[in-house]
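Listed below are the structures to be examined.
After this come two complexes, each holding chain A, first together with chain B and then together with chain C.
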Partner chain A sequence: MIIGKSYTRVDAYDKATGRTKYTEDLCDKHALVAKIKHSNVAHAIVKSVDISEAEKIPGVVKVLTCFDAPEYLFPTAGHPWSTEESHQDICDRNVLTKHVRYYGDDVAAVVAEDEVAAKRAIEAIKVEYEVLPFVLDVQEAMKDGAPQIHEKYKNNVLAHTQIHKGNYEEAIKEPGLIKIDKWYNTQTVQHCHIENFICYAWEEGGRIHVTSSTQIPHVTRRCVAQALGVDWGRVRVVKPYIGGGFGNKQDALYEPLCAWLTTQVGGRLVKLDCQREETFANNRVRHAIRYHFISWVKPDGTLVARKVECFSNQGAYASHGHAICAKGLGSFPQLYPCENFEGDGWTVFTNRQVGGAMRGYGMPQATFAIEAHTEDICTELGLDPIAYRRKTVMPVGYVDAFSKNELYSDTFNQCLDAGMKYIDFERKREAYKNQTGDIRRGIGVSLLWYNTAVWPIALETSSCRMVMNQDGSIQLQVGETEIGQGADTAFSQMAAETLGIPFEKVHIVSCQDTDVTPFGTGAYASRQTYAAGMGIRGCAEAFKAHILDVAYRYTRMQSYLMDIVDGNIIRKTDGRVLMTLGELALTVLYDREHNEHLTMEKTAQLKTNAYSFGCCFAEVEVDIPMCQVKLLNIINVHDAGTLINPALAEAQVHGGMSMGIGYGLSEKMLYDAKTGKLLNGNLLDYKLSTMMDHPHLEAQFVENPEPTSAYGTKGLGEPPVNPVASAIRNAILNATGVAFDELPMRPHLLYEKFSQAGFFQD
Partner chain B sequence: MSNQYKLVTCTINGKERSAMVDVRASLTDMLRNDYGLTSVKKGCEVGECGACAVIIDGECFNSCIYLAIWADGKNITTLEGLTHPDGTLSDIQQAFVDESAIQCGFCSPGFMIEAESFLQKGKIYTDDELRKLLSGHLCRCTGYENILRAVKKVMHKRAAESV
Partner chain C sequence: MYDVEAIYEAKTVEEAIKLRQEHPKAVIIAGGSDVLIKIREGKLAGCELISIYGIDSIRGIRMEDDGTLRIGSLTSFSHITRNELIQKYINVLGEAVDKVGGPQIRAIGTIGGNTCNGVTSADSASTLMAWEAIIELTGPNGVRRVPIEKFYLGAGKVDIQPGEIQTGVLITKDSYENCKGHYIKYGMRNAMEIATTGCSVNVRLSPDKKVVERLRIGYGVAAPVPIRAHKTEAAFNGASVSMETANGIAKTVLEDVNPRDSWRASKSMRLHLCSVMAKRAFIEAVKLSGGEI
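And now, the complex of A and B:
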């Protein structure tokens, strides 16, 4: 078995030596440098741009403004294209804009011979604005009379969806129900991949070539073509190794602008490299979503009716838009089924940075809200939080009517059992009762719900190509991308397993190139192993069958009597090795009668999706006078089905937990209310966790093979981040009795809430 | 413009090297652009992330906030200098591979160089000390868990070998 073994990452050696080539390492050092003029107002119409001084600066090649930019509007979200217009992503961007919609919007660009000249020219550009009122708050933006950000969207509502089940209004009339009505607020955070966004573009052979640090080469190619108004085939996108993405790079960021710039300087090579400050201020962010929960429960906690409103702050442009808010909304009646449910989700434009995809895709926000609310119900009714969750959560056998996803096994109980055992939940919960004093400890839990892939909301597809070499090894290509998570290694294991060759005989082509890579929609959702698994297995089985047909010519054995095991063609009836795969490949490639290049290519279209579940337990120590939370212990338990590579799976969980800890305790983008400007857009002021901010991160698994999956696997990339902030929040509640309904729970907020709780009165 | 460039002579990974460099250039720029040392990564260029770390005369520095001209006469080690001439990995690199401490790999050179610089001193540190020593490096992929594991492994292995 190759599946289930912790092989070393296929890219580990090169990365350990520093020789792995990322985008900047590949760019010719003589490339022209592009820089962007960002607006210093949050909402305005550009009246004029004076470039006369900028053009005089030595080394400047070209200065371009929003008045030069092509009129084509384009979308940026890394979603599959839809042939139905109503399902297409919203086209609301130009490469440079005359209508500034957030502080930092792109109004002009410079191409220069070096960075210094480019930067000086940017400073020398003078922009005249007709300044408009702006709005930063999501609910303010919905009010009549709020500044209108996009013409077509009344009250700035990009989308509004509803889920109605049963009869909420009737149900709440039942006598004796207890009403629990609360608001929960999540903040804006950024991905903070350590490699900033970077791309470079040039023209060659009448085509536009873009090399980019992207998760989605094929989608980016289409977005670039839309932005430039050219045929899709005229654009080629190459994706090298990337230094992290986490969803930010699941968006066409500045590839369309860079591609346009090269066309404006005669096709010369142009590099556009975001600085860290631009990654913060001008890339994508996680949506801040505000939730309003009203639950009607019986005294024993039975959920009779629930109403939820979600207000998602989209920022200035649609990007991934409503999909993120909708995912969370859709999860609520699934995680805790409720007969009478009314849910409303609004995604609303504001004059803030653009919300896009980020690891968890709306679920860290939604999980914080639902798991804080669930805990609040338990607290209010005096119920045991574990027993209550076990009783109320989606039962085994539950099938979602829309996705057809099914909970096949007793995952939630198994995950809870493992987490409780590790963290010694029962004993500590008991020990932490009735604490007084300045330093208090607490322990908390959160469940997590996730959908692995995007079917049936969007197309799910994976294509795969295998090409055999003379030695019986193969090149493996898939459309799903390695973005640091270890996908290439898992894919290699899958191919080796099904084809029957040693792991070392699989050479995965990691660098994606839309000219040669089979079509794929890239790295997003938590679909890489699930979706690519189907493509790889389908391709490998077809390839194997074909190889055995070819082998018949040389072995005289019927193909059904043969198999490929460990790189050998064997006769199944007696296990005899008939020839090695290398011998077959060499013979057939140079056969003067029946020469053939052994290759296979297949597309798998997925019409299933899979639930991925788990939980997090956190234990904290709260220093009340210092308003500080120290995380003492934390464990995530996941059911991601069969683990392809346990060591890499564990590493994925660590990374997600770390992101969740930052989300819960320290990370927040701060905006100046007077100007809309981002105030802490750098790695010093934005409090990303360091190694000192973490305790040991424990990752455990429950492996219930997913029945719909080619290798039993399902989503794991995003889920680990989702339950962490809520588990910490519930632990702080347990320690102090104070319920935090806002993130992050940093000292500023603790001071405010502890003051309100009367902790500082003497 | 005549004094915009200066000759910088230094030892890089054991070899004496010279290049004319822009007086405004950072050591990161020089190592990457003049010597092709791609392990020196740029994550912020203002000394916040540690991706650009190199060892200068035995001490670890963020090369992005170290002017190239200051390197004149100095002895510099980048991650490339840890790999043995035959391509085998040093103990610290091998531990990062074996402990799955590398994901996207962008922060990894900085961590390995930092670890090498303090592990050379041959001391045994507590977990808290190690966390502090490595806290100048940011990683978004690993949660630092396996990085700490790898560094500890090498620390103990070296200690065991030295007795």
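And now, the complex of A and C:
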């Protein structure tokens, strides 16, 4: 078995020794440098741009403004195209804009011979604005009379969807119900991948070539073509190794602008390299979503009716739009089924930077809200939080009517059992009762709900190509991308397993090039092993069948009598090795009668999706006078089905937990209320958590193979981040009795809430 | 790519002074961990630099004949932390500078740069304040010694005259003898952090460990420049080693500090923390001195 073994990552040695080439390493050192003039107002119409001084700076090649930019509107979301217009992503961007919609919007660009000249020219550009009123708060933006950010969207509402189940109004009339009515607020955060966004573009052979640090080369190609108004085939996008994306790079970021700039300087090579400050201020962010929960429960906690409102702050442009808000909303009546449910989700434009995809896609926000609320119900009614969750959570056999996803196993109970045992939950819960003093400890839990892939909301497809070499090894190509998560290693294990060759005989082509890589939609959702797994398995099985047909010529054995095991063609009836795969490949390639190059290419379209569940337990020590939370212990337990590579799966969970810790305790993008400017857009002032802020991160698994999956897998890329903040929140509640309904639970908020709680009175 | 017009490198203090006179507008650069950031931000874009990083004579720590501890201005944070003289006589300084940034910054950043930068958040500053460090400056007219409290003139402004460079940070024997201290850096995370506020407290206890003979408290980010808590010190010099004293210190420091409201933290929160930290650092300093509370 190759599946289930912790092979060393295929890219480990190259990455550890610095041999791996990323976009910047690949770019010719003589490339022209592009820089962007960002607006210093949050909402305005550009009246004029004076570039006369900028053009005089030595080394400046070209200065371009929003008045030069093409009029084509384009979308940026990393979603598959839809042939139905109503399902297409919203086209609301130009490469440079005359209507500034957030502080930092792109109004002009400079192409220069070096960075210093480009920076000096940017400083020398003078922009005249007609300044408009702006709005930053999501609910303020919905009010009549709020600044209109996009013409077509009344009250700035990008989308509003509803879920109705049963009869909420009737159900709440039942006597004796307890109403629990609370608001929960989540903050804006950024992905903080190590490699900032970077791309470079040039023209050659009448086509526009773009190399980019992206998760979605095939989608980006289409977005660039839309932005420039050219045929899709005229654009080529190459994706080398990337230093993380976490969803920020599941968007066309500055590829369209860079591609346009090269066309304005005679096709010369132009590099656009975002500074860290631009990654913060001008890329995508996680949506801040505000939730209003009203639950009507019986004294024993039975959920009779629930109403939820979600207000998602989209920022200035549509990007992934309503999909993020809607995902969380849709999860609520699934995770805790409720007969009478009413849900509203609004995604609303504001004059803030643009919300896009980020690991978890709306679920870290939604999980914080629902798991804080669930804990609040338990606290209010004096119920045991574990027993209550076991009783009310989605039952085994539950099928979601829309996605047809099914909970096949007793996952939630198994995960809770494992987590409780590791963290010694019951004993500590007891020990932490009735604490007094400055320093108190607490323990908390959170469940998580997730969907692996995107079917049936969008197309799910994955293509795979296998090309055999003379030694029986193969090149493996898929459209799904390695973005640091270890996909290439998992893909190689899958291919080796199904084809019957040693792991080392799979040479994965990591780089995607839209000219040569079979079509795939890239890395997003938690779909890589699930979706690409189906493409790989389909291709490998067809390839194996074909190879055995070819082997018949040389072995005289019927194909059904043979198999490929460990790189050998064997006779199944007695296990005899008939020839090695290498001998077959070499012989058939140079066969003067029946020459053939052994290759296979297949596309798998997925019409299934899979649930992926788990939980998190956190133990904290709260230093009340110092307003600090120390995380003592934390464990995530996941049922991701069959683990392809347990070591990589564990690493994936560690990364997600780390992101969840920062989300829960320290990370928050701060905006100046007077100007709309991002105040802390750098890695010093934005408090990304560090190794020194983490305890040991325990990752455990319950392996219930997913019946619909080619290799028994279900999503693991995003789920680990989702339950962490809520588990920490519930632990702080347990320690101090103070319920935090806002993220992050940083010292500022602790100071405020502890002051209100009277902890600092003499 | 940094926007630097020119860089002049000095190998000796004399060369540095000469370059300072020849290029009066040029900015002095040592480890570069502050200056390069300002250039990148555009604040110093297009500047001229005088690098003093190659002047080995002002690097390292030694004891002078009169017992004064001399820390060469170019000594890096990581070298200070690991130095035996520091560990023996003023361990708290080594601990304080070990809280700067991350390992790379501590290897490049210098104590001279940390003080000359003139910022209130410098991790070395509150401890140097609390230990009454003397700043040594060398210029065309020779050596000048300035008590650190006078060295800070205002936010980002220090007393370096034209032609001068800082050559040493001195701690006198009277300052460190029989004295132990503790520094608390308040940050929003445990590494890669700038202090929200910092408090350094040291005490000299009576031989029987019952009386606080000398109390010194230094703060960072409690005012535009690092400060001493003189009122509190005056009130509690000679006080008993007790929880009552600790609580008194916690209250009285509020008369010494003057933090500001900013998006990084509110004044109210900083005041609260200044009080809590003074108490805790005092208790810790007493414990290090062999006292009991």
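To be clear about the criterion, the second predicted complex is superposed on the first by the 762 of 762 C-alpha atoms of A that agree within 3 Å, B and C clash if a C-alpha of one lies under 4 Å from a C-alpha of the other, contacts with A are read in each partner's own complex, and residues count from 1 in each chain.
What we mean here is this: contacts are C-beta pairs under 8 Å (C-beta built on N, C-alpha and C of every residue); 3 or more make two chains touch, one makes a residue touch a chain.
This one's a predicted model, so the numbers in the text were calculated from it and none came from an experiment.
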Which of chain B and chain C A:E24 touches, first, second, both or neither: first
Contacts of A:K15 with chain B and chain C, given as first, second, both or neither: first
First (chain B), second (chain C), both or neither touched by A:L679: second
Touched partner set for A:A651, first chain B, second chain C, both or neither: first
Touching partner for A:D515 - first (chain B), second (chain C), both, neither: neither
First (chain B), second (chain C), both or neither touched by A:M692: both
Partner chain(s) touched by A:Y751 [first = chain B, second = chain C, both, neither]: second
On chain A, the residue positions that both chain B and chain C contact, one per complex: 116, 683-684, 688, 690-692
In the complex, chain A residues that touch chain C: 114-116, 119-120, 123, 625-627, 666, 670, 672, 679-680, 683-685, 687-693, 746-748, 751, 760
Complex interface listing, chain C residues touching chain A: 1-3, 42, 45-46, 186, 188-194, 196, 263-266, 268-269, 272-273, 276
Complex contacts: residues of chain A adjacent to chain B: 6, 8-9, 11-13, 15-22, 24-25, 29, 116, 191-196, 241-244, 246, 275-276, 483-486, 647-648, 650-651, 654-659, 682-684, 688, 690-692, 694, 696-697
Chain A contact footprint on chain B (complex, rising order): 24, 33, 37-46, 48-49, 51, 78-80, 83, 87, 89, 93-94, 96-98, 100, 102-109, 112, 130-132, 134-148
